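Shared between the two complexes below is subunit A, which pairs with subunit B and subunit C, respectively.
Showing the complex of A and B:
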């Protein structure tokens, strides 16, 4: 078995060998192969969007994915929920000395696989190696850009107003539950499969067929945090019906065991959409083709307290705040 | 004194406070302030370039700069040597739990200062916090993009041919020597000042006035590695005259003490340019306005061995290879 050595990060011969022997053959991008200081390409659209994310998920292999798949999906999804068509991503690695080359290959292949599925090209990269003990295995940054195909179709916080409804694209909390189930400290026997997936295809179909007022993917902080961000920015209140929020039995069971709240568990392949009432049927029709659990979960009110309220199964109402404390910080 | 806590990275309330209380007020970008999943903006040019780099420099404060300044300059310079005008950068942070907030503020202010000097806007960001011991203080990724103002002015490896000359923009090895001088293990008393600086203004002036066939900034692996990359890609040989390569006395002294070779020491504010002989006077005239040490150091030959040769002070010739071993891996 081969391992990453300090010299793999010195910018000299071994870095060159790692890049030409591992990254380039797997990523296979013509733009990347040129190996210039900057990758130059044409963009058809004048309006472009960019997003950046560093991924530090622990463990780096988990049920349903790995840090490579996650790093591609996370960035693709940030672009997609902004109404952009993801086109290009960059990939930058910080690797600990002693990291198994075989694991690196698996991760890089996984990035390529999901880049292909999402239809994005990896156009620039960087590799740094730090001494043993100076980072925890591998960290990946992906920065993505997408183009805006129809400006009037761009979801925008200004489009949110009272009377609109809130839709979720599938059952929530799978990714967070997955990472919790892998934590050896918590001793959970059965691992839960992450929902990690690229969302650009379903979102693209939505944008072509209905008016999406606003969208947000559910990552760190889960559904509760995403809705709070929307309520804050749009200066509205959001009401959610507990009975309607889809949560799988295995996620529910894990929450019961560990005392977690599924509203705060991260997803990596789910989003909420705010739409006008009249678009509900068409929206759910499209969403259900990709995930049967997609459904309406609540509505927007113009009361401007900037709060999220949960209508409980027992007929009560409680405030659903942002995430305050996270037991496991390295969800993504 | 305040310190970074795990909760600063959970995507909830404290992350929100860190972003809105620290990053946004300092970066002050209108695009960033919108706080959307993707930052959307207009680009005047259809042809754009992108580059990504993760910075892990140790120590994160050094004489003449810090990891923040370095992360902006490094990315700006990669774009500039590709012939692009840097426009936008993203900034993504991985921070160790317990990191002093005051140090983070200094670093973020430094990024803003040099982004302003270089004329780039910080348009997207991300922050992850890892447990104490899971990373070494702070790592920063910057991804930058620039536009191509005149396509025919773009330097290109295909423009290199025998008879052209090689110019260096200033004395070499300062950044690498600076980091070595900070390493407590090596016990060097006098710290050397890094050459870390944005190069886009000098390069922009060059591109407007002379034909630059090719450029490369001297980072990891130093002058020797940069020239080897050029020789490989262009299928030419490069001859360098030892007597002509500018190295400061303090860098020379450090190399003598530690047994280092200045040709392999990183720079973060220097580049080499390949130009036609007839453009020499005009090129040096412009370069010397920014750095008096700029000078001609060698020439290109069409012999296609893809090697770099050093003509020594004693009249001999030796091969100058790529960097193979680096004592300190975390130069940038």
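Showing the complex of A and C:
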């Protein structure tokens, strides 16, 4: 087995071999193949969007994906929920000396696979190799460019108002639960599959057919954090019904064991959408083609406390805060 | 001819103080006047006086029983020759700093009149006088006058007016005075018939008694909220009450007419009897001596009993011929006690069969107060009706800045430091739900306006995820005030230091959870404190909170984890190969559970090991059972090692090992429980001895929720006193998180003194 050496990062012959022998053939992008200092491409649009994100997940191979897939999906999804069509992405790698080249190959192939599925082209990249111990295996940064096809259809926070409903595109907490289930000896024999997936197709179909007032993908901090951000930015209150939020049994079981709250578990292929009541049926029709678990989970109120409330099954309205300390109990 | 002006401060309004002064003047043959002012009571006496001696002596000898004078300001002024009599004048609203009176339970005289067929107050369900009746819960604003209370709706009839204005009458100037002719009236709604029942007050009361005898659940509007009243001798209805309230077995409060009833079932000390009969009428946790009522008190060794503090409760007890009734506050899980009839009629349909209410508004929600007596002192667990608002006079007026303290997250209270007083609100509940947060925020606004309060500093907990902490930051930002963050366990200690006016001490704060300054979950903290300087000197060695947040409700997770570490075969036989627990155990190897030094969890673990249950259906259920089973005569304890690191640390594994060893040897669990309690007490003493050596301090303060355990508290106090320590525990503010806000105030005071 071959491993990444310090020399792979020194800009010399071995770097050249790595780029031309590994990255370029897999990514296969015409723009990339030119090997110019900058990639030049055409984005025929009045408005373009750009987003960037770094990925440091451990383990880098997990059930349902790997760090490569994650780095493409994460950036594609950020563009998609903003109402943009993802077109191009760049990829930078920071690799620890001694990293298996075979693993790198797998990761890069996976990036290519999901770039193709999402319909984006990888147009620029960079690789740095750092000394053993300076980073943990591999870090990937991706930057994405998307175009706006119909400006008037762009979701925006200003469109949110009382009476609208909140929809989630699938069951929540899978990615976070997946990563936890991978920590060895976590007691769970079956690993949980991550929900990591590109969302641009489903979102594109939604945007063509219904008016989406606002969208947000669920990432770190999960559903609770995403909803809190929306409530804050839109100055509204959001009510969620506990019974309606879809959580798979395996995620529930893991949360039970670890004493975690599924509302705060990360997702990597789910989003919430705020829509007008009358669009509910059509929205759900489209969403359910992609994920049967998609459903309405709550509603918006104009009360302006900027809080997220959880209507629990046994009375009382719990506050679903944005948390400062992820796992610290408040109970005395 | 001399004239003297007196200004009385303290608990001098709503307690018959002005009539007392009037009678004083009459008896001593003086002219002048008395009136309520914002900051207390102002009186001027004029007559053939050489000095104030006669007046002062009269005051000292005949002060009304519920009045409490904090200070008297007096000086001679110019005589006024226009007066020919002594007058009671209308209030003038000045600056407000007087003590707001708390609600007073039914007095003997009123009770007698209530049952006296010939008396005009016969069967008056709202009978009250200057010595009894609602106060805090009916005051809308200060000063305390009838037109600023919810009694203002009810215009006096001729007789009431006469009583109210007759100086030697017990209802002279008693704002709660009323009668069936002019006062509030009763209404009875039946959920079964879905209609109001016709009838006068007495007929409705009799119907209620009849229904209670038949095993029905009646919601009754009282002083600070609604009760659910049922017959404790009817096990079926008690079961139904548990089911419908979703209380999961939480002990229910009992009410009775006299201490004689309590003595039938419980051991009663003189101090307990005194508090029971006092107008405060808290729920007192008495030690049970018989096996009665195990179905209402969750099998604990205590019964929570209060005196019938309203004529209605007293009447129902009499008429139904029950020595005790269950009177538990009408609250659904996660929702504060109901205080309003509309809400009662809307929300109690699945719980109660009838709602008995009246049309006097409850201005302020006040749950029944709860506490226990230790060494003649009353230890508050919940400050509510009869105590709230707690007004505490600062011994020294060192700082002129005002402070608002928002408390913690559970059992919250709000504290105001205004001039030289600290005022503590009633119990405001656990802030996990919108409903409690609404109550909390409403109370904050209420207190600020009631006390006309303006503050310079706002204090809160150090835990950023407490609702109160984010509220403090929000208010501070909006009003440009400074926030003071106070670590939770320090606040516990400072709450007691405030009461006892201490500047330095050795402090032990034992509870379930509070965020520590190192980001870990503290809960068994020892400090050496000098003013603002607080050094952490002791804690249980950190252990992982295996099973995460759920370990608090389900301590069986932790119990299994430690059993398995200590003795796998014991764990196997005790927990019978529980696969789920085993999975959790395995997670502990790799998953980063938060680390804790919680003493509360240790009591949980020992409780599980001694068969007190696996889950806490209500707070501290398992530790309370653990306390209940302990053999009071056992003096043995387990050996522990003090590890001298940065702080003194004790490894709980060592203690648990010996407990498991005892269990394996089939030692009686009552003995093991007692030995465990003794061990914790002994730990405090041994650590305190080391600290006394090193820091030259011999004052020890005990605070925090774990010390609600009376057995532990009394053992610890006794052992410490035997070793010559001066020991203090909370006797003014609640010993649990209800005292946190008071501690935050005192910490802030120390901070301000230093700068």
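Just so we're on the same page, the second predicted complex is superposed on the first by the 321 of 332 C-alpha atoms of A that agree within 3 Å, B and C clash if a C-alpha of one lies under 4 Å from a C-alpha of the other, contacts with A are read in each partner's own complex, and residues count from 1 in each chain.
Keep this in mind: a contact is a pair of C-beta atoms (placed from the backbone, for glycine too) under 8 Å apart; a residue touches a chain by one contact, two chains touch by 3 or more.
Given the structure is predicted, the values throughout are model-derived calculations rather than measurements.
Peer 1: Who does A:9 touch here: subunit B (first), subunit C (second), both, or neither?
Peer 2: In the superposed model, A:9 contacts subunit B only, not subunit C.
Peer 1: So in the superposed three-chain picture, is A:22 touching just subunit B, just subunit C, both, or none of them (first/second/both/neither)?
Peer 2: In the superposition, A:22 contacts neither subunit B nor subunit C.
Peer 1: Please indicate which partner A:295 is in contact with in the superposed arrangement: first for subunit B, second for subunit C, both, or neither.
Peer 2: A:295 contacts neither subunit B nor subunit C.
Peer 1: For A:81 in the superposed arrangement: first (subunit B), second (subunit C), both or neither?
Peer 2: first
Peer 1: Mind working out whether A:284 is in touch with subunit B, subunit C, both or neither, as first, second, both or neither?
Peer 2: After superposition on chain A, A:284 lies in contact with neither partner.
Peer 1: Please work out whether A:135 is in contact with subunit B alone, subunit C alone, both, or neither, and reply first, second, both or neither.
Peer 2: In the superposition, A:135 contacts subunit B only.
Peer 1: More residues of subunit A are touched by which partner: subunit B or subunit C?
Peer 2: Of subunit B and subunit C, more residues of subunit A lie in contact with B.
Peer 1: If we overlay the two complexes on their shared chain A, which of subunit B and subunit C does A:43 touch? Say first, second, both or neither.
Peer 2: A:43: touches subunit B, not subunit C.
Peer 1: Can A:325 be said to touch subunit B (first), subunit C (second), both, or neither?
Peer 2: In the superposed model, A:325 contacts both subunit B and subunit C.
Peer 1: Determine where on subunit A the residues touched by subunit B overlap those touched by subunit C, and list them.
Peer 2: The answer is residues 321, 323-325, 329-332 of subunit A.
Peer 1: Show me the residue ranges of subunit A that touch subunit C in the complex, using the header's touch definition.
Peer 2: Touch residues, subunit A against subunit C: 180, 183-188, 256-261, 307, 309, 312, 314-319, 321, 323-325, 327-332.
Peer 1: Under the stated contact criterion, what part of subunit C meets subunit A in this complex?
Peer 2: So the residues of subunit C touching subunit A come out as 246, 332-335, 408-411, 431-435, 437, 463-467, 488, 511-515, 519, 521, 545, 547-552, 557, 580, 582-587, 589-591, 593-594, 600, 705, 736-737.
Peer 1: Within their complex, state which residues of subunit B touch subunit A.
Peer 2: Those residues of subunit B that touch subunit A are 6-7, 9-16, 35-44, 46-56, 58, 78-79, 81-82, 84, 88, 90-94, 97, 123-126, 128-131, 133-136, 139, 141, 143, 145-146, 148, 154, 157, 216-217, 219-221, 225, 229, 233, 264, 266, 321-326, 329-332.
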